[in-house]
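Chain IDs A, B, C and D follow the sequence of writing; residue 1 opens each chain.
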Amino acid sequence: MKSAVIVFPGSNRERDMLYALEKTTGHKPLAIWHQETSLPEVDLIVLPGGFSFGDYLRTGAIAGLSPIMSAVKEKAAKGVRVLGVCNGFQILAETGLVPGILLRNTHLKFVCKEVKLEVASTASDFTSRYTKGQIIRCPVAHHDGNYFADEATLNQLEAEDRIAFRYTSDTNPNGSIRDIAGILNEKRNVLGMMPHPENLIEPAQGGTDGKGIFESVLEAIA
Amino acid sequence: MKARIKITLKNGVLDPQGKAIGNALHQLGFDSVGDVRQGKYIEIDLRETDKAKARAALDEMCKRVLANTVIENYDIELDGE
Amino acid sequence: MIRNDIDITPELIADHGLKPDEYQRILDLIGREPTFTELGIFSAMWNEHCSYKSSKKWLRTLPTKGPRVIQGPGENAGVVDIDDGDVIVFKMESHNHPSFISPYEGAATGVGGILRDVFTMGARPVAAMNALRFGAPENERTRHIVSGVVEGVGGYGNCFGVPTIGGEVNFDARYNSNCLVNAFAAGLAKADGIFLSEAKGVGLPIVYLGSKTGRDGIHGATMASAEFDDDSEEKRPTVQIGDPFSEKLLLEACLELMASGAVIAIQDMGAAGLTCSAVEMGAKGNLGVRLDLDKVPCREEGMTAYEMMLSESQERMLMVLKPEMEAEASAIFRKWDLDFAIVGETTDDLRFRVFRHNELMADLPIKELGDEAPEYDRPWTPSKPNAVLNANDVPAPVNLGDALVAMLALPDMCSRRWVWEQYDNLVQGNTLAGPGGDAAIIRVNDKGKGLAFSLDVTPRYCEADPVEGGKQAVAECWRNITAVGAEPLAATDNLNFGNPEKPEIMGQFVGCIQGIGEACLALDMPIVSGNVSLYNETNGQAILPTPAIGGVGLLPDVFARAGKAIQAEGETLVLIGARKGHLGQSIYLRDIVKKPAGTPPPVDLQVERKNGDFVRALIRSRRVSAVHDISDGGLLVAVAEMAMSGGIGATLTPDKTLPAHAWAFGEDQACYVLVVPADKLDSLISDADKAGVPARIIGTTGGRDLTVEGEAPISLSRLTDAHEGWLPNFMAAPETH
Amino acid sequence: MKARIKITLKNGVLDPQGKAIGNALHQLGFDSVGDVRQGKYIEIDLRETDKAKARAALDEMCKRVLANTVIENYDIELDGE
């Protein structure tokens, strides 16, 4: 499987993601600098976690203007899989590749802890290897993960089965509306999620619950 | 010339910061405090003498970068206005 | 003769923290009156913070060498061999005064500074810790400082992308006006990829890299060496702002630049930025330095030579680069969007010359600036030893269980979760044991090699008996690292004390250093880097003597490690080490009985070592399922922590030879609690006998209660609510500036 | 009545956000942009009719909660002023 991880100034989980992709897919992913204007043919594009451009102004806002993002949008439109994790999710939201926005956590504090996620939809190339309703462990580490969208959008997301992950209500770490942790775009080829599956892919890390996302993509291209 | 831009959340958009500030103020006994909303205030020095041109440029900056118009409103104020 | 248009008056000299005899030393050294700029340079180089003039004499007595030590004190950070050509680079540094004045900014820039020290040496930061000391909870400023400091530590480290995996938090009225923020950072490098500050070669360009220079923190260095008084809130504008985003770019740019082979020497700009870094680079290399300040990238208009030489703007570096590689270098700087400029060159005349607007503003002998700094042998008086306290003279609690619950909810004993959950302790994906255990663990590669980290000191012990307290700080750090199965390799220290011009404070300092030295020798844990922070004193009230020790240990196989959480029911609790039920200076005495007295628990370093080596061997041969050392709060608190983190209870048989409260809460050293699976028990006990290590069965695991035979069971949920509740509840109230 | 509070960094205090915003605007080709500074803008509804009282309360709120006077200035504006 061919994958590419976009590196922005201030990305800080790109190495975690490169490592996880190589471990789970067996292939070295490409690291693409944000100044690039085109992307090679790949099966998966990942926007990693971190504080691109310091998260200044709005999280993901300035990264959304990087040259590479036009290429990412084109690929997404062509149906290439795009995964945005944490800061990557914030960039996807800012660029409109997924609806809604990630606001400051309700308690206003950065939060790093393990949460429980309910796999709300298995109908995507990112979640097919899980079972619907399955509860998985996954770490979060963010300051602005409080998902928000207007009622109409939320209802549509639910109606179209586009909520990929929900925090189990007792572990919602940031006040996200309707416990939303990850959502899909209309064509279901773009997934944005706040939790960090790349940090839970092998026993040494305390578990492998995050592996399913990468295995699902593998299965999809097989 | 100098531009002053206020960026505020649209009505209906959740404002965690504003809410937290309001709570803190109440707990400190500022009972007269009602709704609190937090926004951004940006000052920009512009090398531009033509007001109209300046306003047009600032408007574009707000749309493309400074504000997320899905959830935010912006208000531009130019020197001597 | 250099022109100087500002009169060097006695007041001005005093304002620069220079004593009359120190000023006389300057006159003798340069044979003329210094210019204003030169006065600033001397004040920066000769203040306590940069010159260590009160502490040097004693720091020299610390053991700093060992088979694994590649670089000891004297560089930006220490370097220790961890096999396979890998090295760990680490140091600890204080940012106490700035953090008191503006908690968020002070703590954030403290973290930024220590990270810079580590990557300046060519290492990528892989772990951070922080030792925090705050005023009494009831003090009105405490909450604001706690909240700002924790947010600042997290704000900087989280954005930069280093996992913050350990530390300490204490509350005491003695820190009301002087909080302590000690930041530790460690980075990984290859033994052959270490970079130093020593410049080599004459006529080579000196390159400035990083953020622009502003008027930030001018006199920050002198401020960090001045005792506080009430009007020092006036000194506020000197606090600088950190930009972790720029620091991250600087990290990546520096590592890329080092890999390219362009770097000859590199030095970060910390306290008294340009001055200290330029002088150090030249002096170390026996070279002169010529700076043209007009070339320095500035953030503000019309900055004077004086301001530029003393500015403490953050995220800046100075380097000597191979001239032939300038093109490659500038390409890297541009990629990372960092300001850079050639601001001077190395010379062969050992002078430090500074030009502004083509005018000579300073012309000083570069080596003397550092080497000839004053050094004091300050008078000191040893602390008076307390009377020994007999456990039988300490009142027993009405009810042991209630006392335990009360202790777990004390400010100094409760869970620090509220703190560490604000720190990204997972970024980089290598955290195997984050905050909450005796020592935190990260993996170094996926072949099983790991490192353990712990940060420790017990200030109340140090105050009661500096020598024993110093020993105990090292011993507890060594023990915490041992308790996870790691071999302690080396340590860094952060020595926080009051005004050294007072003989009794100097006595605390001397005593603690003596104890630290003895322990480091006996436990083979040399000090490879460190930092001294003196004058932590306000209106004559000094902080508790607080020599924080940050230790690093090696795990050859991270899968043969231990944690403190009870893993299974029906296993046996074994106590390693002799319990005497020592209550002197204990938490029980201070916070429950509220009559602190007595001597701190004595530390027998030979026993400490023997017991620890035995426990480590057990962990590495996978014969125990959980391990926790006994520290603050004693045996019962230790077992309670093991039960709470495992969610499995335990039943304990008290040692009737001791008063119940001494058995429960005595803080004897060199003790561990092990959880042992049935099939491993007998051989373990007999091996302990053979090794001459005291080992006795004290109970079994199981259920959802903690039960001491003869006492009512206490449910784990009650313990946990008490333990987890205090800090979040305390911080829930609004804080004000 | 409604209060509008601008909180800005004091002169000379480093403003990493403003710097990043400025760079982004230049990247997009807004060449006329010079110095950029970002501050906060807070709107507070006050159940208070007496302007003097309101201003006094707001002033205290700024000092104690809203602004970090070590590095920030604040400016209070009341309805119809």
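We take it that contacts are C-beta pairs under 8 Å (C-beta built on N, C-alpha and C of every residue); 3 or more make two chains touch, one makes a residue touch a chain.
A quick note: this is a predicted structure, and the numbers were derived from the prediction, not measured.
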Which of B-C and C-D has more C-beta contact pairs: C-D
Separation of chain B from chain D, taking each centre as the mean of its C-alpha atoms, in whole Å: 9
Centre-of-Cα separation between chain D and chain C, whole angstrom: 36
Centre-of-Cα separation between chain C and chain B, whole angstrom: 41
Between chain A and chain D, centroid-to-centroid distance (C-alpha), Å: 34
Numbers and ranges of chain C residues touching at least 2 other chains: 243, 245-246, 337, 734, 736
Interface hub residues of chain B, defined as touching at least two other chains: 24-25, 28, 64-66
Overlap residues in chain A, where contacts from two or more other chains coincide: 53-54, 56-57, 62, 65
Chain contact topology (line, ring, star, complete or other): complete
Chain C-touching residues of chain B, taken from the complex the two chains share: 23-25, 27-28
Interfacial residue positions of chain A with respect to chain D in the complex: 53-54, 56-57, 62, 65
Residue ranges of chain A touching chain B (in the complex, touch as defined): 57-58, 61-62, 65, 94, 96, 101, 103-108, 146, 148, 150, 175, 177
Residues of chain D that touch chain C when the two form their complex: 10, 12-16, 19-20, 23, 63-65, 67-71
Chain C-touching residues of chain A, taken from the complex the two chains share: 9-10, 12-13, 15-16, 19-20, 33, 49-51, 53-56, 109-113, 139, 141, 143, 196, 198-199, 204-206
